[in-house]
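In order of appearance the chains are A, B, C, D and E, and numbering begins at 1 in each one.
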Amino acid sequence: GGGGERNGGSEKAGKLTVGSKNFTENILLAHMMAILIEENMDIRVERKVNLGGSNVAWQALRNGDIQMYVDYSGTIVANYYQEETGNAEETLARAKELVERDNLKFLEPWGFNNTYTLAVKQDLADELGLETYSDLAKVSDRLVIGCEFEFLDRPDGLPGLKEVYGMTFADEKGMDAGLRYPSIGEGKVDVINAYATDGMLVVHQLKILQDDKSFFPPYHGAPLVRQDALERYPGLEALFNRLAGKLDDVTMQRLNAKVDAEGLKEEDVAREFLVELGLIEG
Amino acid sequence: MNRRSLWEQIVQQLEMRHAELGMAVLQHIKLVAVSVGIAIVIGVTLGIAVSRFRRLEGPVIGTAGMLQTIPSLALLGFMIPLFGIGELPSIIALFLYSLLPIIRNTHTGIVSVDKSVIEAASGMGMTDTQILFRIQLPIAFPVIMAGVRTSTVINVGTATLAAFIGAGGLGDFIFLGISRSMDALVLIGAVPAALLALLLDFVLGRLERAVTPKGLKI
Amino acid sequence: MVVFDNVSKTYKNGFRSVKSLSFRVQRGEFLVLIGPSGCGKTTTLKMINRLIPHTEGTITVDGKDIAKQNVVELRRNIGYVIQQIGLFPHYTIEENIALVPALKGWDRKKIRQRVEELLHLVGLDPAVFARRYPKELSGGQQQRVGVARAMAADPELILMDEPFGALDPITREQLQDEFLRLQKEFRKTIIFVTHDMDEAIRMGDRIAILKDGELLQLDTPERLLTNPVHGFVEQFIGKNRIFQNPELLPVTEVMRSDPATISPHRSPERAISHMRQRHTDTLLCVDEQGRLLGIVSAYDLQGDAARIQSVGEIMQPADPILPLEATARDALVKISESRFGLIPVVDSQGKLTGVVTKGSLLTVLAGRWKEAEAGVGS
Amino acid sequence: MNRRSLWEQIVQQLEMRHAELGMAVLQHIKLVAVSVGIAIVIGVTLGIAVSRFRRLEGPVIGTAGMLQTIPSLALLGFMIPLFGIGELPSIIALFLYSLLPIIRNTHTGIVSVDKSVIEAASGMGMTDTQILFRIQLPIAFPVIMAGVRTSTVINVGTATLAAFIGAGGLGDFIFLGISRSMDALVLIGAVPAALLALLLDFVLGRLERAVTPKGLKI
Amino acid sequence: MVVFDNVSKTYKNGFRSVKSLSFRVQRGEFLVLIGPSGCGKTTTLKMINRLIPHTEGTITVDGKDIAKQNVVELRRNIGYVIQQIGLFPHYTIEENIALVPALKGWDRKKIRQRVEELLHLVGLDPAVFARRYPKELSGGQQQRVGVARAMAADPELILMDEPFGALDPITREQLQDEFLRLQKEFRKTIIFVTHDMDEAIRMGDRIAILKDGELLQLDTPERLLTNPVHGFVEQFIGKNRIFQNPELLPVTEVMRSDPATISPHRSPERAISHMRQRHTDTLLCVDEQGRLLGIVSAYDLQGDAARIQSVGEIMQPADPILPLEATARDALVKISESRFGLIPVVDSQGKLTGVVTKGSLLTVLAGRWKEAEAGVGS
């Protein structure tokens, strides 16, 4: 980045580190944050993208190894602070409140809700006429579900689903997030848990089923930033808020798919989108 | 963030999950035992082959080494189309990861046997095979066992990765704990794994001592 | 049984440790290889069982070129005692010896018997040693186990590389005796490396002397001792060897071949003047064919000279006498029994060929001793 | 699912990411070199200590073994509060994972040296330290190097995990590829890692051959 | 220098390989340990430098209890030739020898010189062997390097366990000579294990004979040979050892102590009758104090008897003669020079104490030979 002069050097030169978790969307969003800073402020940005999971990013942030990354309201409430989640507004408010304890700030959500969902192969859905979770529950005793470990265990994951919808899968396989898609692709499992904005859904032609009883909590994504960074660089919060509400689920899915399916570089996709929005110059 | 102390959490989790934990330990042992068992057979065989035919050394040890560099997730991923998910691909992956120390130490152990002993043996008309089984392998036994024990212990650690591909074992607890930031869960998985490694190493050590002929002991 | 034809060995560094060796070992023969340290004895031995491949020439065992033979087959029928002993550290003494018989598929009982038999043969009590491990034995005990191991499967041909080098003389002699007995009894062919000339002389049907990889002489011990073809051979045998081994020296070497003789028909006066002339006080009586009849001494003559006509009348029977094949050792042993201080030597027809006197014996023996003394400085 | 062939994808990714790939390779080498370097120093030292004081054998080799069983994610997770993220914790973790084969082979190599050679050495009044450095270590060198080479090769594989903790290296490519099911990305990371392992093993082999005294070669 | 006081060694399996050994080795002394295989020689040697800890008694070196001494210190000043040779396989010959001097901090040039010197000493050409590795040497060559290595740092006390066991007689004798020379010149204390009695006799100031871990006799070679205190010692020495080593037999053992003598003042007639009485043809002339004056022979007498008054007139000077300290070997060598076939033996005052004749020599030598022969069967 070299847009320092554009701001007339009003900011004292410094350094910020942007982190991300290890999935496409989070990496894309990290690049967006980084590019925004680079193009608008006289700050050197270091990218520590692709950290090994929520936990690593979360700890790195609190340590000060990174100053910001994008996290999700539900994750903050349920995972980091292990509290009950509520509806979208409640959860968001609670998340904002909670992170203040750790001298962090959860900024305005950028619009998408990367919530959990369940997906099946399109042809299986056609064959069994699956549209909703309730449809799935009826045939679930014939199906095998593959999901991340945490989904298998969290009360707001599979255990809760089984309770609310009365699902009883023939087998439940916990596995690494990255292996869910090849597993369903090769027909080794029938159902997987997915995120609503996953680009891989497009790649593998999976059908997302409807959460007809609104079981899953909301996962609205927004930058999670250290207070001290915000104080040191006062323009930062406003800069990120320019993206608030600009990224809906479909847009996010489209961007993710550019990386996952077309194999484009995360940074390029991020930059292109920011240009598209007119937030930076092309 | 910890409203309960770590110890309380561990007790709570253990109450909830002790049955699963028992299953996971058994499953872990099974994964390790089967994969190391096969690795010993194949690894020792390859080690022998390599020490017999020196030109095999590069290819065999090189391949075993390259296998080590493939990250487990990648290896497991490549295996899904071939072997699906669950135990089978896990065992195959664990087996592949266990080969190198066994092959290398078998090879080194065999070629380090005192030349005059080999000369005496071949001078009395023992075939290469007889020399191998009756002289070289027994004398190289401590070095080979060093490889096997290293391999087994590493394998207990690697076997946690079976969780990635739905084969269960102690990795389920550990990775769940990691992704949920629950140190209690991580410990519930990691401590038995460490104990298991110690136990297996101890058992192998005993076995080594029992099988090593008295004449070779220090 | 073993034939070397122009065999050479050149090491990788260009060093030629064995040079154009040609010799032939008969079945049932005991051949000793001897020579100074580093002369190529071990190399020669190891080329026979192909532990060291020869680089030129051909070696045949039992008529077959070893280079064209299956190497395991070849070695299976050759016992081998390695210079470094090389016991298997992980096997007990018993197991070390039992290994080859077990590989040959002998049954357990037979193996057990054989092991006991061999341990006794090499002077180790099976009750004490059978279950020990090599490291629990002394150097000489280990060496003996090595010998037992080589013999375990009763091979026709045995190669032994300094097998008794670490043994004391008593144990060594016992083993040597046992070995010779066995070899003669079962007609084993043995090629035996040693650096001990006494051992070589004692054991070898023939002895090959090597130096710098070359064969200097291959001969029976007797011929080697009396007929060394090369200065080095002589030196290596040792100048005082004969003195130490009078049994190797033919009596002809220590006798005078011009004994003072007389016909039994001669007068006593004639005899006395003959004695004075020859500076002796005994005369040997012989007939016309030169056959020995008896002995006349000056003392007897002086007493009876007046009373008799011919010396035959007071002639004494010659006893002891020695045949031509006798050795200096026989002469040594018998000379003190002799009343006259001399022993006549006769051929198979009874013809007198010489006489051994104390003087002639001592002259030869002491003469060699003096040579040895002179040789020390050189 | 692949609209482009694997080869085309690889070419495309390489065009886009070749600069990053070069950086990642260098970073990977750095991680491996530093961690293995430290592991050799500490591991050989511990191996020596263990062979000298036999009662240390259990604790030291046991601890090194237990370290192996801690899954890298857990280990890295535990390290963040202590060392943060990035190179430092990665190198520490890699170092810990590299210890076992080096310690074990050093120990085995030293105790396997021919007793009569040791006896000759101590009989001539060499101190234990002199015997160690002038006799035991040189003669045990091939066995120790077997451990070092095994460790290095495994380390090249393990170093991919540094990606989890923001230390870069080839793991970045591999794990991105895995989570996106992009074999091209996986290969772009895995192939250089495998080649790196081969290269390091080859270099160490050359080194071993160059340093092994002629008298010990077969 | 080295003192054993009631030292025993019991192995873990309960076997007692050395039993209550007590002896004392003086500074500058060459002590040989000898005995049958497995008698405890190596054990005894290794207890001195603490390679094997003794289980009872005390051993002192240079007045200090070795058990209380720093073990490295102790060994640093003791050279040690191990029975298994034990060369360092990873070092060249040169490096093997240079190791201890290097550890002692000698400077490079001195070490280099020392290595060359030692290689020459043990008969290996530095140009050929210095850079070879042990495995490229023959067994005997390796053994010699082991000896050179033990001597490298010039220790006061050297322990040698069968150091020449793999050497041929020529090389061995050269080394023995060099060693004796060095030892006498630099007053080294050497404890030397061998199983070769000839070597023991040649090298040892004193010889200790061990059997089953017990010390049977510790004595000078001469006393051991002539005075074995134990049947086993005698057997071990070998009955024909004396015959093979006439230099070990005092001349008094082969002389007659009742020579026929005569005063030079006596008449020739008296001399002739004395000769006849004593069955001899030579008389030794002695004065009143018994001092030897010369020799009278029957031949001389017979020619001149009429012409002279007393035998003194035709008495010949006695030459050769031997002192009392002479050995049978001297007698053997000189007897053939003697005109009269005899050698008078005189004490330091010139008094005649005996006479060696061919007969007396042969009787003794052949007598021992016959004993040996009788002994073979037993």
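Here is the rule we use: a contact is a pair of C-beta atoms (placed from the backbone, for glycine too) under 8 Å apart; a residue touches a chain by one contact, two chains touch by 3 or more.
Because the structure is predicted, anything quoted here is derived from the model rather than measured.
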Hop across touching chains from subunit B and tell me the fewest hops that reach subunit E.
2
Chains touching both subunit A and subunit D, listed by label
B
Going from subunit B to subunit C via touching chains takes a minimum number of steps equal to 1
Farthest chain from subunit C, going by the mean of C-alpha atoms per chain?
A
So the centre of each chain is just the mean of its C-alpha atoms; given that, what is the distance between subunit A and subunit E in Å?
98
Centroid of subunit C to centroid of subunit D, CA atoms only: how many Å?
65
Whole-Å separation of chain centres (CA-atom averages), subunit A against subunit C
98
Residues of subunit B touching 2+ other chains?
73, 77, 114, 175, 178
Set of subunit C residues in contact with two or more other chains
84, 135
Can you list every residue of subunit A that touches 2 or more other chains, as numbers and ranges?
53, 55, 176, 178-179, 182
Okay, what are all the chain pairs that touch?
A-B, A-D, B-C, B-D, C-E, D-E
Spell out the residues on subunit E that touch subunit C in their complex, using ranges where they run on.
11, 13, 34-38, 41-42, 83-84, 123, 136-141, 143-144, 161-162, 165-172, 195-197, 235-236, 238, 243-244, 246, 279, 281, 299, 329, 332-333, 335-336, 341, 358-359, 361-363, 365-367, 369-370, 373
List the residues on subunit B that touch subunit A in their complex, please.
1, 3, 73, 76-77, 80-81, 84-86, 163-166, 168, 172, 175-176, 178-181
Any idea which subunit A residues touch subunit D in the complex?
19, 22-24, 27, 48, 50-53, 55-56, 59-60, 63-66, 176-179, 181-182, 185, 199-200, 203-205, 259-261, 263-265, 268
Looking at the complex, which residues from subunit C come into contact with subunit B?
46, 49, 51, 72-80, 82, 84-92, 99-100, 103, 133-135, 146, 149-150
What residues on subunit A touch subunit B, complex-wise?
53-55, 58, 79-82, 146, 148-150, 152-154, 173-176, 178-179, 182-183, 186, 188-189
